[in-house]
Amino acid sequence: MTSVLNVKDLHTSFVMPDLTIAALQGVSLSVDKGEILGLVGESGSGKTLTGFSINRLLSAPGRVVQGEVLLHGQDVLSLGEEDMRHLRGRRIAMIFQDPMMTLNPVLRIETQMRDALRAHEKMSKAMARTRAIAALDEVGIPAPESRLRSYPHELSGGMRQRVAIAIALLHQPDVIIADEPTTALDVTIQGQILSLVQNLCRDRGTALIWITHDLAVVAGIADRLAVMYAGRVVEIGPVDDLLDAPAHPYTRGLIDSVPARGQRGQRLKQIPGRMPALTELPVGCSFAPRCEHAKAACAALPDMTALDAERSVRCFYPLAEGSA
Amino acid sequence: MAEFIIKRVLQAMVVLLIMTVLVFFGVNVIGNPVYIFASSECDQACLTKTIAELGLDRPLWEQYFVFLSNLLQGDLGNSFTHGIPALSLIFERLPATLELAICALAMALGFGLPLGIWAGLHPDTIISRCIMAFSMIAFSLPVFWIGLIMILTFSVQLGWMPAVGRGDTVDVFGTELSALTLDGLHHLVMPAFTLSLIMMAIVIRLTRAGMREVIFADYIKFARANGIRERRILTTHVMKNLLIPIVTVLGMEFGGVIAFAVVVESIFSWPGVGKMLIDAIGVLDRPLIVAYLIFVVFMFVVLNLLVDILYSLLDPRVRLGGNQT
Amino acid sequence: MSSVSQTPTAGSPRELARRFVSVPSAVIALVVFILFCIIGFGAPLIAPQNPYDLRQVDILDSLMPPGSQSYTGLTYWLGTDGQGRDMLSAMLYGIRISLIVGLLSGFLALVVGTFVGLIAAYRRGWVDTLLMRIVDLQLSFPTILVALILLVILGRGVDKIIFALVVVQWAYFARTVRGVALVEGAREYVDAARGLRLGGMRILFRHILPNCLPTILVVATVQMAMAISLEATLSFLGLGLPPTRPSLGLLIANGFDYLQSGRYWISVLPGIVLLGIIISANVLGDRLRDILNPRL
């Protein structure tokens, strides 16, 4: 099966007159139709940046300096600006973290939805209205006609995120990049939003990249998992395999630091040390300074190596199954 | 909404009442009211007569209520020099001032918004620095000095622009307007531009600062991520957010424009209420002066009220009355 | 000063001075401003004539262009005005009066405004509400309008214009100082001082006030420029200073009548000086704000 979205060795830097920060240094991942890919990693590892690099919405001075983003085999990075605009929202949609901030505070929901619709299709106001109502209905918003007249601040956080999801789904995109869409919501609503997005994507065969730093969330929803560390994808594969038998020491560390059921009261393991600043990354494996398995060879940068047909890892000494 | 407006109107009325008290007592306690209401050529007998006429021998609070009830009937006394009610004199001169002020407002927005937007979009360029330097200079230079240099340059040296008066006017619904004749427009440009500079400076700064804030907002990124065209984003999604602070400040500053019109009108001999005031001060036409003060205070309070209402119409968060921040 | 009153954010005075010196425009503005002060306050010593001593002024010398000579041999480097006064001398005296009015009114407004602001921040509650309502009301009217109204009621005079300027400016100080003082008041070191059971006034003036000073300095610089500009404007309109005390604004007004006939120097030269003072003070305020980085 060919993947809907295929990102190959993506490098993104912030190029400033006096210094260049290489924030992404090799992100490779892919998602298939109807598949949910979890993208995890600690804060600052470059998850958000990956999303914005894919749909080319980096704000200056950030820019993609190397790599490929293929949507159905077509190179997104070489598209003209107008073609790119036409891709955004129509074929690649995004959902942001904070629903309080993603809707324009001074425009009615109707205006915002109509604008999103008209960005890609010519249509009358009435038509746009019908489509918007249908979309709001689909994400489970009660009385959608009257909600259209509302301003964002009149809705609760959960409702706003539903509106944002409805907007993202308006054009039946091929891929949705959801950047921690539940982090800002309270727990009960998190679950609702989670299953809503999951079902909607399954039904339509939309590929979904779910960015989070919460492994517990991703374990319940994702098919495959990509783990990022300091601007690189260090491990990717089916979610169950990865969680049961992590190959990268960093993935192992992440899993161990999540409180697991049935182990209450047990002390959580912490990964020693902190992620280095982007400006002072080691030359070789960037996890080596914190890795208990690091050896001399780790002073060089490991490539992504395939473990089997579906899994690859960026480590010279991948953990064998069952080892701690 | 109705409740909000009623509340604001009541507040404005309270402020207005306080202001009449202040003006009244300012006039009656600090200055000697006889001198304010009597002509400067008045002799002793005439003074005594005036005192009795004006009821100045009665207690102060009683005088205040007489003053207030006259005020409510629109009676602000007669001008000495013109011999007609001061208020009708003001209304006769007002269109000229309003025309000047509105043109200045239009210029401030017409130049200020694009310059501010440009500076906000390209913050680190030399042109942007120049725009900001211009805004600082325009803001801090005294208005009369700018007017003077304009006259010296464009009227005296180059001879391009007339320095004095309104030029030809057209009668529109009983109001004389300069802006509709070529000659009038020619006369209007320089004073209006001079008057617009302070506000233009404010508009530039606000627009730039607003741009810097809004274009990085998540909702703008989200709009981009939905593929909405840049033009549409700028003209609606960004602009609506920008306009809220700008409209508020402009509404507040419009009063300042009317006040500075006094300066501009007297430099360019523009026959508006400001020029009238300075002339009235020159010949000590006191009732006219007092009438002007009351009128201006009234205009201000009403203006502030309108700004509040307009603001609430623009910003849905305020309109719905929450104390959300 | 006790150790608890050290500002946690602002650097030491020496550090601030070093930062100030490293900004060329700030230094230039300061030097220019100080120069104006020196020649303004030294006017009686350096001016070629006392332009308001009628025995020294010759009406026959009126309206002479810059560089002309009087028959007594005095060179009018900057020309003469309509009454035959030496413009250079008139301007030096004008600078003096403009600066006196600006500095004095700025200082008085500072004292009044700072006091009100501190009280509001310290007492909070209804005192604060009442004072800030007054400040808001005051600030909702344009300064020039309020000053104009006051001078119309009061008449001309140095004392009157200073009073009017103080009335229109104190509110700016009050609001800013209150803002800073509220923040400072919430800081731990003031709690520490409270813990030491220091009296209220002592905390206010020994601990909170010093930390408001950088902000006050910035506001004062900008307000002084405002005061000078406002005074010039009012004097130009014939509302501010009496003709016996001609400030720069009045000099410009006197020359305005001659502008049309091409005798530009009578208006333009004092205008340029006025500009120099206002811009240098404004630039100074702007740079000080950057350097001291007060929360404005």
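General remarks:
A, B and C are the chain letters, set down in written order, and residue numbers restart from 1 in every chain.
The rule is short, and it goes like this: a residue touches a chain if its C-beta (ideal position, glycine included) is under 8 Å from a C-beta of that chain, and two chains touch if they have at least 3 such contacts.
Model, not experiment: these values are computed from the prediction.
Viewed as a contact network, the protein chains form an open path, each link joining two chains that touch. Of all chains present, the one whose mean CA position sits nearest the global mean of protein CA atoms is B. Put simply, the C-alpha centre of subunit A and that of subunit C have 57 angstrom between them.
Put simply, the C-alpha centre of subunit A and that of subunit B have 53 angstrom between them. Centre to centre, using the average C-alpha position, subunit B and subunit C are separated by 25 Å. Touching two or more other chains at once is no residue of subunit C. Interface residues of subunit B facing subunit A in the complex, by the touch rule stated above, are 216-230, 232, 236-237, 240-241, 244, 314-317, 320, 322, 324. Contact residues of subunit C toward subunit B in the complex are 137, 140-142, 144-145, 148-150, 152-155, 225, 229, 232-233, 236-239, 249, 252, 256, 259-260, 262, 264, 267-268, 271, 274-275, 278-279, 282, 286.
Listed in rising order, the residues of subunit A touching subunit B in the complex are 55, 57, 59, 85-90, 93-94, 96, 98, 101-107, 111-112, 115-116, 119-120, 151, 153-154, 164, 167-168. Put simply, subunit B touches subunit C in their complex at residues 15, 18, 23, 26-27, 30-31, 136-137, 140-145, 148-149, 151-152, 155-156, 163, 252-253, 255-256, 258-260, 262-263, 266-267, 278, 281-282, 289, 293, 296-297, 300, 304.
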